[in-house]
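There are two complexes below, and they share subunit A, which is joined by subunit B in the first and by subunit C in the second.
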Partner chain A sequence: MAEPLPPGVNAAQMADALERFRKVVGGDWVFAGEKVGSYYDPYTIPNDAERYKAHAAIAPASTEQVQEIVKIANESRVPLWTVSRGKNFAYGGAAPVLSGSVVLDLSRMNRILEVNEKFGYALVEPGVSYFDLYKYIQERGLKLWLDVPDPGWGSVVGNALDHGVGYTPYGDHFGMQCGMEVVLANGEVVRTGMGAMPGNNTWQLFKYGFGPYVDGMFSQSNFGIVTKMGIWLMPEPAGYRPYLITFPREEDIEQVVEIVRPLKLNNVIQNAATIRSLVLDAALFTTRSQYYSGAGPIPPSVAKQIMADQDIGMWNFCGALYGPKPVTDALWTAIRDSFATIPGAKFYFPEDRKHRPDILIHRADTMKGIPKLTEFGFLNWNGGGGHVGFSPVSPTTGQDAIKQFKMVSGRVREAGFDYMGLMAIGFRELHHVTVIVYDQTQPQERQKLHELFGRLVREAAAEGYGEYRTHIHYMDTIAGTYSWNDHALLKMHQTIKDALDPNGVLSPGKSGIWPKHLREGRKS
Partner chain B sequence: MKRRHFIHAATASVLLPSVLTRGPAVFAGIGRKSDYVFFDERFEPAHRVAASWPASNRPIGVRGDITPFWLSGLDVLARKDPLHLRGVTTDSFQFCLRVLLAEHAHLDVQVSRLDPNLFSWIMRTTPKILTTDHAHG
Partner chain C sequence: MKRVACVSVVLSALAVLASPVRAADMTGKEIFDHYCTYCHGSKDGPGTMQLGRTRGKGQALLTERTNLTADYIEYVVRHGLKSMPPFAPSDLTDAKLKALAAFLAKK
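Take a look at the complex of A and B:
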């Protein structure tokens, strides 16, 4: 099957553009034909082989090459789809929203330009993975910790730009970003914040610079191509003590979250802790067929068996204490005494855990910034491997937590899937991330998933719960839920898009933002 | 034994689930030794199948997590030498291995599903050409 072409570009024009791209980066770094397969979404949702397919991919090695590529894209009107490392699986991976786009793969731009131990920051290119940065820090014996998302192979830049999160006190990745370099659609290179002042020495120290703070414009957007980014790193603490608190009933989540809120607001819970559901944690190390061979979600009796076997709860709160022992002892007393009011709550440190592998032993690494791929164990729950994340945000209240849980788990279970969710605790908000694991080899299962996801989005939006991040298949849909004042936000995004990228060559359709020539007749 | 070199990444077979076939018979008769064989030690069928394959090295027992194996030398091998890997593992192990290998090597993959938990696979790699990349700091 021939690779699709984007609208308005014929085969000859594309061939010419690819030949010009080859002159910029070298023939080895333009991928077409069979080689473009690695840019497909491995968890594609629609039963339509033509959707979200790249025509080709190109991997530049420098900001200068990115500038030349953008110039060619403008002249040829070939759309680019930018990925840092293309590892955003469950959200589309490296696949473009607009079929026929050429993926701009920045993974070769993998220099770690600076790691500053005194101030705790790194300046990196988009191709730097968490594994890369961790290794760099370890090899040099620097007293700095990363904050990592669950998969360690992702891009430090890409994850932050997609509003990804981790699990240490530095868990808000975009919040920890400081200064960026961006190639605009006209080929201009801009440095934001203090980076705009020649000879400055605070580019990675002070976020705001002077005038409008524009960094956020380049997150989850298609307004420019980020080619360098500063990220703050946590100084290695004087002590570290991870803990696990388990709760025996699903309805406990209401009380748990009500207790979490003041503890988090007052920094007693220091990190981006998570409250994880039974099946999500069980799935890391066991499979569904080891417990249950029936159809539909696992029954309560099986859930009880899993709890007993693995010594986990219906909810499992993983947190960590950071700092010298007198401080962490005081924090632990406050945390333990608060949660001990919930009947059946159990408290563990790593030395208390008897099973191997174990959820706390695993999360203990993640909460100290060690990148891994362990979390992908959940793919094995029903063996089909497909997964998509449904990720609405809510206030940190027990009322919202139980409402969200019942709403989402109810629909997921009605559709025949097991509920695998977690609540990641921000300062004032919960990210309720539900992973829906399905058999991607079955078209009817993908269709069932698609119907379920649409329903979840509509019902969450009706209650005021918006998603913070989504799969490429749902970007238009989610953008459409942010509709206050007749979609004023989207209209503003489009105005910015038209100004910065009038030819619409940068990542068309990202976050529901389309260039003018592709906007007519498109409904969010 | 002269190694065969696979130049082109047959990634279509990786990412099109419709080509999955059933049963281990598809690999029968392939007498070539594998550099490494992996099997998921939690499942007895994985032991059995892996034990029947010729291998240059003793089969390696794994669970679902590729991380320790990748970081303990497989990443270096993948960059340096062509590899012939076989496995009977869960999806997470083979999926993560494929993605990691594809960063450093052209990849030819065959996968078939044995049962609800296990996938039988072969991965043949050829290191990619590297230029001035991987210059850190």
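Take a look at the complex of A and C:
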């Protein structure tokens, strides 16, 4: 099957553009034909094989090459779809929203430009993975910790730009970014914040510089191409104590979250802790077929069996204490006493866990910033490999948590899937991330997933819950739910898009933002 | 990069300036350790566990497999297989992939 062409670009024009790209980066770094297959969404959702297919990919090695590529794209009108490392797999991987786009793969821009132990930051290019940065820090014996998401092979820059979260006190990744270098659609390079001042020495220390703070414009957006980014790193603490608290009943989530809120607001819970559902945790190291061979979600009797076998709860709260022992002892007393009011709550430190492998032993690594891929054991739960995240944001209240849990788990189970959810704890909100694991090899299952996802989005939006991040297949859908005042925010995004990228060559369709020539005929 | 060098000197003697993180020449074993070991390097890795269930415990660890061909390895790495996503040639180059496939096929 020939690779699709983008709207308004014929085969000769595309061939000419690819030839010009080769002159910029070298022939080895433009990928077309069968090699573009590794840029397809590996966990595809739609049954239309033409959706989300790149025409080619190009991998520059420098900011200067990115500038040249952008100029050619403008002249040829060939759209680019930028990825840092293309590992955002639950959300489409490296695949573009607009078929026929050329993937601008920044993996080769993998220089760690600076790691500063005194102030605790790194300046990196988009191709640097968490594994890379961790290794770099360890090899040099620097007393710094990363904050990592579950995919350790992901890009430090890309994850922050997509508003990813991790598990240490530095878990809000975009909140920890400081200073960017961005290539605009006209080829100009901009440095944000203090980086705009020649000779300044606080680019990675103070975010805001002078005038409008624009860094957020380049996250989850298609307004520019981020080629460098500062990220704050946590000084290695004097002590570290990970813990697990389990709760036996689904309805406990209401009381758990009510307890969490004041503890988090007052920094008694120091890190980006998570509350995870039974099956999500069980799926890390076991499969559904080990417990249940029937159709539909596992019944309550099987859930109880899993809890007993693996010594986990219906909900599992994973957190950690950081600092000198007198501090962590005092924090633990407050945490333990608060959660002990929930009947059946059990408390564990790593030395209390008897099974191997074990969720606390595993998360003891991630909560101290060791990058891994272990979490993806959950993909083996039903063997089909596909997964997508539904991620509405909720206030940290028990009322909202139980309401969301019932809404989402009810629909997920109605559709025949097991509920695999977690609540990632921010300062004042929860990211309720439900992973739906499906058999991607079955068209009927993909269609069922799609119908379920649409229902979840609609019902959540009707209750005022919006998703913080989504798969490429749902970017228009989610953007459409942020519709206050006749879609005023989306219209502002479009105005910015048209001003910065008048030819619409940067990542058309990202986050529902389309350039003018592709907007007509689309629903908002 | 003038600015980066300047900052490093001014701010801190502890700042460490970097070079590219990947070696130009890696052996098949080194490539396996760099790209594959997180899923396929230990008995608890997601890839090992998946292979153990679908192909039997004796076939779970890639480095202990005796029935892998280089062509098959190259195909799976570029196209993915169920849970395993594909690896793009920008990162795992054709030359590295050949060295990796040769390393695993000889086991």
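By definition in this document, the second predicted complex is superposed on the first by the 524 of 524 C-alpha atoms of A that agree within 3 Å, B and C clash if a C-alpha of one lies under 4 Å from a C-alpha of the other, contacts with A are read in each partner's own complex, and residues count from 1 in each chain.
Operating definition for what follows: a residue touches a chain if its C-beta (ideal position, glycine included) is under 8 Å from a C-beta of that chain, and two chains touch if they have at least 3 such contacts.
Just so we're clear, the structure is a prediction, and the values are computed from it rather than from any experiment.
J.: Mind checking subunit B and subunit C on superposed subunit A, clash or fit?
T.: clash
J.: On the A-aligned overlay, A:Trp203 touches which partner chain: subunit B = first, subunit C = second, or both, or neither?
T.: In the superposition, A:Trp203 contacts subunit C only.
J.: Applying the touch criterion given at the start, work out whether A:Asp105 contacts subunit B, subunit C, both or neither, answering first, second, both or neither.
T.: second
J.: Now for A:Ala94: first (subunit B), second (subunit C), both, or neither, which partner does it touch?
T.: Only subunit C; A:Ala94 stays clear of subunit B.
J.: Looking only at contacts as defined up top, I'd like to know whether subunit B or subunit C touches more of subunit A.
T.: C
J.: Which partner chains sit in contact with A:Phe119 here, subunit B, subunit C, both or neither? Use first/second/both/neither.
T.: second
J.: Mind working out whether A:Phe347 is in touch with subunit B, subunit C, both or neither, as first, second, both or neither?
T.: After superposition on chain A, A:Phe347 lies in contact with neither partner.
J.: For A:Ala57, decide between first (touching subunit B), second (touching subunit C), both and neither.
T.: second
J.: Scan A:Tyr240 for contacts with subunit B and subunit C and give back first, second, both or neither.
T.: A:Tyr240 contacts neither subunit B nor subunit C.
J.: Using the superposition on chain A described above, determine whether A:Asn382 touches subunit B (first), subunit C (second), both, or neither.
T.: In the superposed model, A:Asn382 contacts subunit B only, not subunit C.
J.: Shared contact residues on subunit A, subunit B side and subunit C side combined as an intersection?
T.: In the superposed arrangement, which is not itself an observed complex, subunit A uses residues 28, 35, 37-38, 40, 42, 87, 107-108, 110-115, 131-132, 136, 152-153, 285, 287, 289, 357, 372-374, 376-377, 379-380, 383-385, 440-441 for both subunit B and subunit C.
J.: Looking at the complex, which residues from subunit C come into contact with subunit A?
T.: Going by the criterion above, the answer is residues 1, 3-4, 6-8, 10-12, 14-22, 38-39, 44-46, 49-50, 53-54, 78-91, 93.
J.: Could you list, by residue number, the parts of subunit A that touch subunit B in their complex?
T.: On the subunit A side, the touching residues are 26, 28, 34-35, 37-38, 40, 42, 61, 87, 107-108, 110-115, 131-132, 136, 152-153, 284-285, 287-290, 357, 372-374, 376-380, 382-385, 440-441.
J.: Looking at the complex, which residues from subunit B come into contact with subunit A?
T.: It comes out as residues 8-12, 14-15, 17-18, 20, 63-67, 70-71, 90-92, 95-96, 99-100, 102-103, 113, 116-117, 129, 131-137.
J.: Please give the residue numbers of subunit A that touch subunit C in the complex, ascending.
T.: 28-29, 31, 35, 37-40, 42-43, 57, 59, 85-87, 89, 93-94, 105, 107-108, 110-119, 123, 127-128, 131-132, 135-136, 140, 142, 152-153, 195, 198-199, 201, 203-204, 285, 287, 289, 356-357, 372-374, 376-377, 379-380, 383-385, 440-441
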